[in-house]
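Sharing a structure below in structure tokens format, with a few things to ask.
Order of writing sets the labels: A, B, C and D. Residues in every chain begin at 1.
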Amino acid sequence: MLQHDDFKSAIDKYKIIFFDAFGVLKNYNGCVPGVERTLEYLSQQQKEYYIVTNDASRSPMALAESFHKIGLDMISHDRIISSGMLAKEYLDLKVSEGIVAYLGTLNSAHYIDSSGLHTLPVSAINSANIDQVNALVLLDDEGYNWFDDLNKTVNILRKRTIPAIVANTDHTYPLTGNNDVSIAIGGIATMIESIIGKKFIRFGKPDSQMFMFAYDLIREKKPVSKKDILMIGDTLHTDIMGGNKFGLDTLLVLTGNTLPDDAETRIKTTGIVPTYICHSAVID
Amino acid sequence: MLQHDDFKSAIDKYKIIFFDAFGVLKNYNGCVPGVERTLEYLSQQQKEYYIVTNDASRSPMALAESFHKIGLDMISHDRIISSGMLAKEYLDLKVSEGIVAYLGTLNSAHYIDSSGLHTLPVSAINSANIDQVNALVLLDDEGYNWFDDLNKTVNILRKRTIPAIVANTDHTYPLTGNNDVSIAIGGIATMIESIIGKKFIRFGKPDSQMFMFAYDLIREKKPVSKKDILMIGDTLHTDIMGGNKFGLDTLLVLTGNTLPDDAETRIKTTGIVPTYICHSAVID
Amino acid sequence: MLQHDDFKSAIDKYKIIFFDAFGVLKNYNGCVPGVERTLEYLSQQQKEYYIVTNDASRSPMALAESFHKIGLDMISHDRIISSGMLAKEYLDLKVSEGIVAYLGTLNSAHYIDSSGLHTLPVSAINSANIDQVNALVLLDDEGYNWFDDLNKTVNILRKRTIPAIVANTDHTYPLTGNNDVSIAIGGIATMIESIIGKKFIRFGKPDSQMFMFAYDLIREKKPVSKKDILMIGDTLHTDIMGGNKFGLDTLLVLTGNTLPDDAETRIKTTGIVPTYICHSAVID
Amino acid sequence: MLQHDDFKSAIDKYKIIFFDAFGVLKNYNGCVPGVERTLEYLSQQQKEYYIVTNDASRSPMALAESFHKIGLDMISHDRIISSGMLAKEYLDLKVSEGIVAYLGTLNSAHYIDSSGLHTLPVSAINSANIDQVNALVLLDDEGYNWFDDLNKTVNILRKRTIPAIVANTDHTYPLTGNNDVSIAIGGIATMIESIIGKKFIRFGKPDSQMFMFAYDLIREKKPVSKKDILMIGDTLHTDIMGGNKFGLDTLLVLTGNTLPDDAETRIKTTGIVPTYICHSAVID
């Protein structure tokens, strides 16, 4: 299985394709050259495709715009399923009043805001309003002072018995150029969990809820079976693990987190086995 | 919120009720006295109810029979959603050929068997057939020699890069009478994970897939929203955590794992907050 | 055992006393009222005492000065054993050349500096000098920009295969007044460990090396047995756990991390049992 | 550094050598061919050597005999420092009366027995004597029925607030021949910890107490500095990690747990760096 499979032959067997975004369709330079032809081919073949992404920092609208800027104009916002959508659904269903405190940029909060809840940055929580905080959401690693606001987050969660939500399971994300990484909000969540001894509610791959959300969206339009769907990703423990567990066939590409030289070792040591391995999501 | 809520008033607000089994409807002595009246009341009110249980040791048929023996004749097998059903669905979708090795009783394997796969107890795996083992499933803590077969399980998973599945997240279950517990298959799975350094695929509450499976079953019959469903359980980190995360309202009863004296402390230290707390699932 | 023991009767049985600092001798207001009489009594009785503290942010000299400021003038620097001393010993023995990068204040680095090594704050590491970095030490939670320097720390440790040291196992420390806490450098170390997948070398209680360091210091002066020493602390999983494991008798005081109402529950749930429990380290 | 160092040149720089046993001096076939010449050379050079081993299943006497049987007659029992010796010291210092329950063979218990305590196998604990159990020790993976006695161990530790000790940090040990492993008592301890939520007291490398015990033994005879000692082992996270942390120079051999092809990758991913790497502990 560790010889590479032909990408076009693989996708030809399925009616619906789920793509991870970063490391599959785009990287820090822009789009992965040639993936636009893959998306065009899928449209010609009248196959549906969706972007299933662990991103809670922006709305699907804003995410779609970011694809358009790098030449992937065909990706409309209704093709995007983000973990931020799950965080928003959770707040809609489970938090009916009061303040939702957040760590992130103003932009990331705008999306959550639309639930009709009162959102405030962690920095704006004080002794006068802390008793009205009914949920805390970790959205992004930017937009606030780490020393001040991470310490404040710890103290809010020690005082209030409320759900704490993080919609990104990644610990780091790659920075441009020189192989450096940046600590992601998922890594910050892990630190705060270990300090306060409570578990965050985590959305995002490999959690099944991400796949279920996408699956439900499709079934509203037409009947479909899990056998008809292929999940394509660059990361074993999110894309491939999550797709496998949900019952989908999975395809690993080597243009992102999993390097060509490491793939075999990583699959063996983790026990996470994709159905196919391809160089990239590009049709030759 | 920590004063107790009235059980009847709570369930009257929902169209569909999910019950955990152990600690809610039954305990080691038989059924929780009076729950039969609750189930009769739900039927009179034409409300649907389902049993959502972390049990992979028997088929829904066999689980239904065990309810009938303790006087809960109204629980038909089609009202039961077990984590074993998810394990079976996974094997149906993802393992098309070869041997599925298992730890458990012959009875537990019969259910998996029906997938058409060749199931063999771990004790029957040897150098002649190990290369055909394509999945390993942990079903039950009984039916085999621990020393021999846990050691064998470790070695199978070191040699074969295959999915390992466990459909029970509990570490222990209560024994009859004197407050003793028994190590559950979920606890054994944790030991084997730490030894081989690979993660098992875990089904069962709090995983969303359990709730989704039940939710899908209902929606095949009639349209329903998450707002219409109440999850009732005795365990914070499975029933309540899982129900909350899936977006359901939740009700904690104090007839099982969470004792009346501990409830407040446990809710505070875990941060897992049920919508309601009631003494039991019995209508006064 | 959970009725309180008489403090004076307990210490009278031992020749040497080890005290934890924070929560035992001092708190955020200054010294615990009355402990100065305990120290005077020990001197009158010609008993030795030592302060065994998880503090890497200052030298023993500077730590002694901080005791003098709150009225405990009798605590000379040669009675202080800090986890910072172990970090310094490690660097002396194991890192003979190159740069030691650190997170902390200039003051905390001065102490390490005296090893003759070239110390630089993480913020001063760049592509020109990174190849000379031969160790990384986490000293304090202050003195740097968290966003910039925690991210930089992650990237230094991804690029350099070097020892990373942290001399404080605490995840938080109490702030003045309103029951708030601050994230300690030990909590930051845990986050960075989980992100880079490598283990820090941790000094500080409960690690045996702290107790051994103190024990060796005493034995240089006169023969002594572990049976002659009592460890007094306010924290079960550092002071009491560490003292017990090293073979010392232990005494828990309730003036710090372990509150009077919680002591019994915490001892039961952790299984960490002190030899004595006293209200405080003050002689009535 | 990853080119191999010359073994003789390395040991010539030190006055005292610590050897790990399994994977360095012996393996499942008997002694590593040629190590007898190394030990003879050390004697000729009037250098001290000690065996520092994570073994709690037998006394130093019995361990010495096992070396004699494979041709290493020069290893006298007073050169052996085992983690079992630390467990015994702990019981001597900290448990003065009552029953010490154990998991292991009768042989393993004989050694602990000599502390004058009443030792009983876990299988002999019942409702009549459980209140006298004052410590629980995990000695070996053999000598008892796993299903019965691991379950019983969990229940003893739920009922009694007592120290639980394990003197082996290894999760598995190699079996003869075909690359299979067996679950070690350290792996069993990890399972029981995760089930009962309490931490065992762990002796054995990488814990500093092992090295301190050996270091103290030497210093009773003559003055010595940590700079004079070299720790030789085959396992990064016990021998090398522990030696490094204690301040010793370390030498990794490739005749045991760390395979020649893996050494470089493992050192990079763990960040545990030995001072030297040699093919084996044999002088060419």
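Rule of thumb we're sticking to: a residue touches a chain if its C-beta (ideal position, glycine included) is under 8 Å from a C-beta of that chain, and two chains touch if they have at least 3 such contacts.
Every value quoted in this text rests on a predicted model; they were computed, and no experiment measured them.
Common neighbours of subunit C and subunit D, by the contact definition above: there are none. Among the other chains, A has the CA centre that is most remote from the centre of subunit D.
Counting the residue numbers used at the interface between subunit A and subunit B, over half appear in both copies, so the two copies meet with largely the same residues.
Centre-to-centre spacing of subunit A and subunit C amounts to 40 Å, using the average Cα coordinate of each chain. One inter-chain figure worth recording: subunit A and subunit B are separated by 28 Å, centre to centre, where each centre is the mean of the chain's CA atoms.
Subunit A and subunit D have Cα centroids lying 45 Å from one another.
Of all residues in subunit D, none touches two or more other chains. The set of touching chain pairs reads A-B, A-C, B-D, C-D, using the touch definition from the header.
Touching subunit C in their complex are the following residues of subunit D: 89-90, 93-94, 157, 161-164, 196-199, 201, 207-209, 212, 226-227, 237, 241, 244-248, 267-273. Against subunit C, the residues of subunit A that register as touching in their complex are 145-147, 150-151, 154-155, 158, 171-172, 180-183, 187-188, 190-191, 194-195.
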